[in-house]
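Provided herewith is a single structure, encoded as structure tokens, for subsequent inquiry.
Order of writing sets the labels: A, B, C, D and E. Residues in every chain begin at 1.
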Amino acid sequence: MPDRNDSTDPTNDTESNDTDGIGDGGGDPPRDPTLHRPDGGTTVLEDDRDAELDRGPLQQWAANSISHPERVYRAMFYVAAIFFLFTTLFPFYWLLMVALTPEGQLQDIVFTPNGFNPGAFVEVFQVIPFHVYMFNSFVIALGSTIVVLVIASLAGYAFGRLQFPGRTPLMLLVLVISFFPPAAFFIPLNDLFNTSFAFLRPITGDGTLYNTPFALVTPLSAIFMPLAIFILTTFYGQIPDGLEDAARVEGTTRLGALFRVIIPLSAPGVATAGVLTFIAVYNEFFFSFLMTDGQPENWAPILDGILAYQGQYQVLYNLMAAASILGVIPVAILVVIAQEKIVSGLTAGALKE
Amino acid sequence: MARVRLENVTKRYDDVTAVDDVSMEIEDGEFVTFVGPSGCGKSTTMEAVAGLTQPTEGRVYIGDDDVTNLAPKDRGVAMVFQNIALFPHMDVYENISFGLRLRKYDDEEVRRRVEQAADIVQLEGMLDRMPDEMSGGQRQRVAIARAIVRNPDVFLMDEPLANLDAKLRVHMRTELQRLHRELGTTIIYVTHDQAEAMTMSNRIAVLNDGRLQQIAPPLTCYNQPANLFVAGFIGSPSMNFIEGELVEDGLETRNFTVELDPTRLQSLSVGDAVTLGVRPEDVHLTRYADSLASATSPIDARTDVLEPMGDEVFIYLLLSEGAAGSMEEDPATSPNQLLMSVTPDTEIEAEQDVEVVLDRSKIHLFDSATGDALVHGLTDLPSGEPGTTRSEAD
Amino acid sequence: MARVRLENVTKRYDDVTAVDDVSMEIEDGEFVTFVGPSGCGKSTTMEAVAGLTQPTEGRVYIGDDDVTNLAPKDRGVAMVFQNIALFPHMDVYENISFGLRLRKYDDEEVRRRVEQAADIVQLEGMLDRMPDEMSGGQRQRVAIARAIVRNPDVFLMDEPLANLDAKLRVHMRTELQRLHRELGTTIIYVTHDQAEAMTMSNRIAVLNDGRLQQIAPPLTCYNQPANLFVAGFIGSPSMNFIEGELVEDGLETRNFTVELDPTRLQSLSVGDAVTLGVRPEDVHLTRYADSLASATSPIDARTDVLEPMGDEVFIYLLLSEGAAGSMEEDPATSPNQLLMSVTPDTEIEAEQDVEVVLDRSKIHLFDSATGDALVHGLTDLPSGEPGTTRSEAD
Amino acid sequence: LARGRKPGTVVMTAASDIAGIMHSGGDKSSIQKALWEAGLDEDIRVEIQTVVSDSATRMQTAQSALEAGRSPPDIHMMDSGWTVPFILREQTVNLSDQFPNDVLEYVNNNYLGAILETARHPETGDLHALPLFPDLGFTLYRKDLIADAGYDTGGWGTDPPSWEEFSTAVRDARDQANLGYGYTTQANAYEGLSCCTFNEVMTSWGGAYYGGANNLFTAGERPITVDGERAIDAIRMMRSFIEGESENTLDGYPQISPSAIVQWTEQESLSPFSAGNAVSNRNWSYAIAETGTEEAFGEDLGVMTTPSAVSEQEAEYQGVGGTASALGGWNLAVSPFSERTEEALQVLEAFANEEVMLTIFELGGFLPPNLDLVAEASTDEVGPVARYGDVVQSASENAIPRPATDLWPEQSALIYQAVNSAYRGEQSPTSAMNDLATELKQSEAEVQTNDN
Amino acid sequence: MTTEPTDGAQSGAEPETGAETITDGGTLTGGDMERSRERDRTGNAVINWMENLSEAAYAYLLLLPAFALLALIAFYPLLRTFVMSLRADQTRGIDPLGAFVGVENYVDILTGNARLARQFLDVGLTSSFPFVELGTQFFQQALFVTLAFAVISVVLETVIGFGQAYVLDQDFRGRRWVRVAIILPWAVPIVIQGMIFFLLFQPTVGFGSDLMQSLGIFSATPLANSRDAFIIILVADIWKSSAFMALLILAGLQSIDRSLYDVARVAGASPWQRFKMITLPLVMPALLVAMLFRTMDAMRVFGLIESTAGCTTVPSLTCLVVEAMFGGTRIFATAAAVAFATALVIGLIISIYVLLFRDTEGGMY
């Protein structure tokens, strides 16, 4: 099914016309410059269409802000945006400075590195096979995300759209898992995953799940599932019944309606649940530490890799910083991809009611 | 076989009974229209047929099967929803072809059918629009196309033309009739448009307050309404109702008396309250009434407001008794008002004294207590002494 | 002051021009109805007035102010949306009172007003329902109540009655008219119901394809349509159009000729294509046509289909030339078909040869090339020699 | 995914530093080669399972494997600080039962006694792990700077000065050279404080946790002496170093340490020193290797054990007083769950070979458990440490093993919290130590009740 | 999953009539359809079985996979851990657990007598106002630290996250990059997050310590000072976790039907009123989920503390569990008891949510 959202997200064209001044925040001339944005924002940037008047941007802004208080909202918006950008990005910048500082010179870093050693980004791979750790984490995170989304979708559908006795207690039961510190699961799971099961012998050799991706995907899926179930329950519950009805009359099963209508329409929620699960698993340490021996060839995740730069008394901060910057890249890419889904207001025009 | 049968279907919500013990049988290939006031249970009944709502009581049959517990997809129905319910994440083509793609038709066939359906609803060239880029009427047409593109046993259409202009509506009407004729599909239809109901349906089912009032061919409903409700509901403008009481030689209202032989109304006797109903077009100015086979004696009235409609003119009459008629009250139920319709070329003005007669053959009598129809047309109930009508003038 | 003025308003979407250079001025307190085919730009124009859409070009004035760039909340408008758009998280009371609560009215006042509005739309006792527990018509009534509960300068109503039954619709019609009268608010109204448009409006604005065709009082639109589109659009069933050519002594169509003096049609001359328009009610059976002041000479025809509507009957005539008339084509444009309407007591059957005349005073002529109206009523265009009409029979 | 191992492969956990020298290509020497040369069956190959270097994490790794009864690893490399708890939990193989007598004898006679203590069963005295390398705490200082300030550091190496002299010298040197810091050490609230830095200072003051060296490994019925005068004086002195003259300090000791030491561990305290911004630093042998090179301070680096305040004779308890050097280091223990116990034992035996120890010393800089060997190594091969052979010897003689019983981790936390908060002045030394004593007694009592 | 049970009625019958148009596909008689539908129903037994289940049965069926997985990975271990918490600690010998002691471990925890470096709760009753006294200072009692952390961080993160989501919800140039930037902190592993703030406030390395000190907020050794370290951890957590809030709230914002805003705008709602009356209630379900899970996460904070100031300086509830579980001294029973006590505390907090938001539209509890 062609994905229409790509083409309707105005950000696609905004990149290309960076010509006019700050006064025209929302303007992308070829589209409808009004409020019916496909993924539309709520409020702030709406009244900015006479920006093409022939005046200096600043003058114009000043003049307009008197007659249109929306201008002030927009100014506030930009201040807020820049503030958020700065506060979220500064620690990254600082991390980069740490990475660029040569080992042993980690002192008094403010806005510039103490020395300049971009080689750290190469060294990261020389000291240990960091890419293997990254790959492991990626595979495990992907696997868990898929498992979580599928299973949680079913549960979220049941919780969000069906009425049945015991719904609330069962939801609370799911929630209860998140009450416990992960360590509470340690001893039993440690036993469980080191127990040898005859039926697993052909698959894993010694019959235990230890050191296999299954040993990571299974518990990690379970641990991060409550969040996904709750998110999906919320979003699925909000899809108007009318759309599901229409799908079912058209010939889908209940399950078919879930996958064809409800999930696509909950795209923001599904994508969010996916991103959150992926990131959580990707960076998870506690359980992966339990289920593997920390060897890259045994599916040890990225965090094992990052910690490998720690010595007995010394920490290679520059390499750790470089490694974590590299490690964040796949997630950043994922976010770039998923955000198209996260921001797609899809219910518009659905129903007349 | 796609006979649809409802057996004592009841649907209760927490505090409302949306559908109340409705039973009906719709023949294979029949076109039945549900009409009734807003909130009377039309959509709910349809949903029960489609399987979208589970009746609290009663059973639904399609063909010979009890489908009460069958999933919607297995009922072979297609539905146009009152709230349209397009899939907002699909463009028009995908919306229309949704049901076909589910059934894994090959792409060629899907495209052919979709294009044809789009043609019927006049949406050619809009197949790649998204729902939120369309006007209200266009969306509704997509919804219609989505239903007709399939070949179901039963069509359920809940006000499919509500947002279309008169011309398109006429067009769609003929298209739907043609479809009905050619496919022989059973169609259940909801409309608020009397003309639609009258012209398209084999039978009309009138619902009120969740209960079925009458199911009968359109003209039967129009000419022989089963009760006061149906009489008042079918026909626009509505039938005039005048409260009266049976007296020795006829029916006495506050303003006039109609001669008839009360003994012929088996269930009632002198003194019982009876409501007289007469449609606006059956009220005639005495001076134009020569052609009537059987008219009542003239009634004095005064014209109040004239409402020119283009092809006809509505005249609100105040029967002579009532001088203080207020516009606020519904003229159709106020006892001393009478609505009549005349052709535009009739010479008449507002605030003019006139004399009118009622066409006796078109007078309906209803039992005021139960609302049930007693008789349609007084020609069979000759008055004791024709011609000696008296017009009360107090 | 709440005059509404549109100045060259144009709204273009990617590939569609929804509104095309529309200018109009709506007086303070006027009731103007927008009509036009589905997708012609009615809602978009309304949205431009409300401030929900920014015109690509042109300016909007409310009162004396240029509001083109003003936020909707500062325009003093209330709107009933075509897609209803109730707040799903609020019950009926909260939905209706939304605008009032925004303005911090005191609770007493809010309750009083809400109850009054609920009364008007007949929703008493449903104030604590949630939108998803209501029928389509009930929701629409909530939307109406939400608008009327406020005291705006301008009401915008986009098909507010589409989902209501005839009776409620009549009720709402009177209520809205009363509101209009009492509050003196300017009302812009969209409807597909001709009766609504005709009875309620001070003026009707006919739109087609984004362009304004005519804005005039209802009867002017009906009797003196500005062009072929308006003539065909206003009135139901639609006006009959017959293509013809100006000849020496009149207008010659494939089936008959109408006498007139072509020189009186200033802009045209003999040989030009002209379209004759006549409404179904202005076609009369010759035998009933005595009363006509000025009729054309009789035309031979054969009845095809009879469509009884209760209070009138539509008759599809095949003009004698055309034996192979096909139902598929729209009878209104097919040159050898003619639709007429008669009273139900007319004695006529399907497939019967008849003779009809047209009421000359009700004949419209249009320039076939531009579609513009040339003349309304031929009484001013006397034929060369009255009475010598000839009926072509080939 | 099948994880069948080649027969003869023995898996041992180790951090990347050991892993890096275990095997080598070609002719270059490696531990594996040395092991084979020491008589290890050529079919037995040691494979390293690299673990994180962080000691606490490694303990968790070992713990989860042993609690689950998992093997491989067949040989666990255990910090001398937490070998005993595993021994007490019966999660190691008793080497006294399994080793040939000659090997046993060699180990008992030649290995550094203090580290052997961390590898023995506290009750039976049986050897349950083989020390791989010991580590010792040293005080590093800048000979040049102190000399510039007019102090003679000639004898400091094997005969450290008193704290008083040391601190004045450091202060003068710092002020003279206009450096940012004088003496840097580790005082963060972490294991290193209780096991090592404070332990050293306290010992040099003649104080003790459990009433002397005899009681280090016998949890349950020993005296608790942390609230003794000496221990409290030690804290007061440290507070003088941090705060100068202030509450709860000792007169005569100048301010020489930055207050930040209370949040510093090894690396943070070393950085200013190696950057030339501090006069002295307390650290481990790796720091000698790092700062003693020619590119760094070379001959200007002075190394000694801790200064002292109370001599051994004056000390109240047995085995304390005088200079001290905290003992770290790692042991090798065979997992009782191993399916290759035989092979693993053979590997361990081979490790108890002087050539192997020297190879490890030369390749990785890890001190041989038989410290006599340090003198035999040449500077060329092992780097600057060799230059301080005498200091290492002296340190080994004054080594204080941490009291690593099964209760130690628990008690250690109590200790470092108390000491750290006393250092920071949040609590007075007396009240901090009194509270600590109460808590420790409670903890000791726990063993008694539990064991019954 | 998406394989559709095709209604074989049409697909089966269609090929014959394929050449005809729908409108004249009159050969497709009802009888044909009926027969083919029968066939279809028998052909997809499983799906038909599922389709015809009652709503409740169907719901249970859908919940089955989730609960099967959770039972194995979560409920079963928790049960075992619970049993563990009822036995005595045993630091020696092969068996980690001693005799059955009932709730003794819990009593120890609540009375401040557990074998823990920092206590779960250590308050005593006194006779004078305010009748309780802290055994150790506020920031060294795990329960208080954790509660304070959870409350402050969740409140601030909600506000900031909402702000961020609101910004991200707008349409402006380069917004996709801003979105990525704002979400990015959530992608940073906790260890690195801890490292960043550890180094920032390490006086020799970062400037954070000096900066705050010059503002008079921090002491010279913020990472060793419980209060300062608490603030550092708070800031670090807000930096990272606001993105979590922002992400979920953004998704909630995006799911709101835009036409409702049109209605509100015409009705005269100011931006703030639109926010209060439309956005907030409609985004509430998503917001609640975000807050709920943030609260639970904050109540279980550990990794961040461990990698910045250390569990001694800022002891959280999970710190206690981890220290007991992995501290070297084998006190598994105590660890298990602390874990359950922690869960109990979180459960209490969550029930406050449940009570507070029970009636919220879209609330699901």
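The working rule: contacts are C-beta pairs under 8 Å (C-beta built on N, C-alpha and C of every residue); 3 or more make two chains touch, one makes a residue touch a chain.
It should be emphasised that the depicted structure is a prediction, and the values quoted were computed from it without experimental measurement.
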Ask   = If you tally the C-beta contacts for A-E and for A-D, which one comes out higher?
value = A-E
Ask   = From subunit B, which chain is the farthest off, judged by mean CA positions?
value = D
Key: Geometric centre distance via CA averages, subunit D-subunit C, whole Å   = 97
Ask   = From the C-alpha centre of subunit A to that of subunit B, how far is it in Å?
value = 55
Query = Distance from the CA centroid of subunit B to that of subunit C, rounded to the nearest Å?
reply = 23
Note = Within subunit B, the set of residues that touch 2 or more other chains is 71, 73, 82-83, 102-103, 133-134, 136, 150
Query = Which residues does subunit A have that touch at least 2 chains other than itself?
reply = 35-36, 106-107, 186-187, 240, 251-254, 256, 260, 307, 346-353
Query = Which residues of subunit D are in contact with two or more other chains?
reply = 60, 67, 271-272
Note = subunit A partner, complex, touching residues on subunit D are 1-4, 15-17, 49-55, 57, 60-61, 64-65, 67-70, 73, 265-267, 270-272, 274-275, 283-284, 286
Key: subunit A to subunit B touching residues, read off their complex   = 1, 4-5, 8, 36, 38, 240, 242-243, 245-254, 256, 260-261, 264-265, 267, 346-353
Task = Using the touch rule from the top, collect the residues of subunit A that touch subunit E in their complex.
result = 10-11, 14-15, 18, 25-26, 35-37, 39-45, 73, 77, 80-81, 84-85, 87-89, 91-92, 94-95, 98, 106-110, 150-152, 154-155, 157-160, 162-165, 167-168, 170-172, 174-189, 192, 218-219, 221-223, 225-227, 229-231, 233-235, 237-238, 251-256, 259-260, 266, 268-269, 271-272, 275-276, 279, 282-283, 285, 302-303, 306-307, 317, 320-321, 324, 327-328, 331-332, 335-336, 339, 342-350
Partner subunit B, residues of subunit C touching it in the complex = 13, 35-39, 42-44, 82-83, 133-138, 140-141, 158-159, 162-171, 174, 192-195, 198-199, 218-219, 222, 232-233, 235-238, 279-281, 291, 307-312, 330, 341, 343-345
Remark   = subunit D partner, complex, touching residues on subunit A are 104-107, 127-128, 186-187, 190-191, 193-194, 203-206, 208, 210-212, 289-290, 293-295, 298, 304, 307-308, 310-315
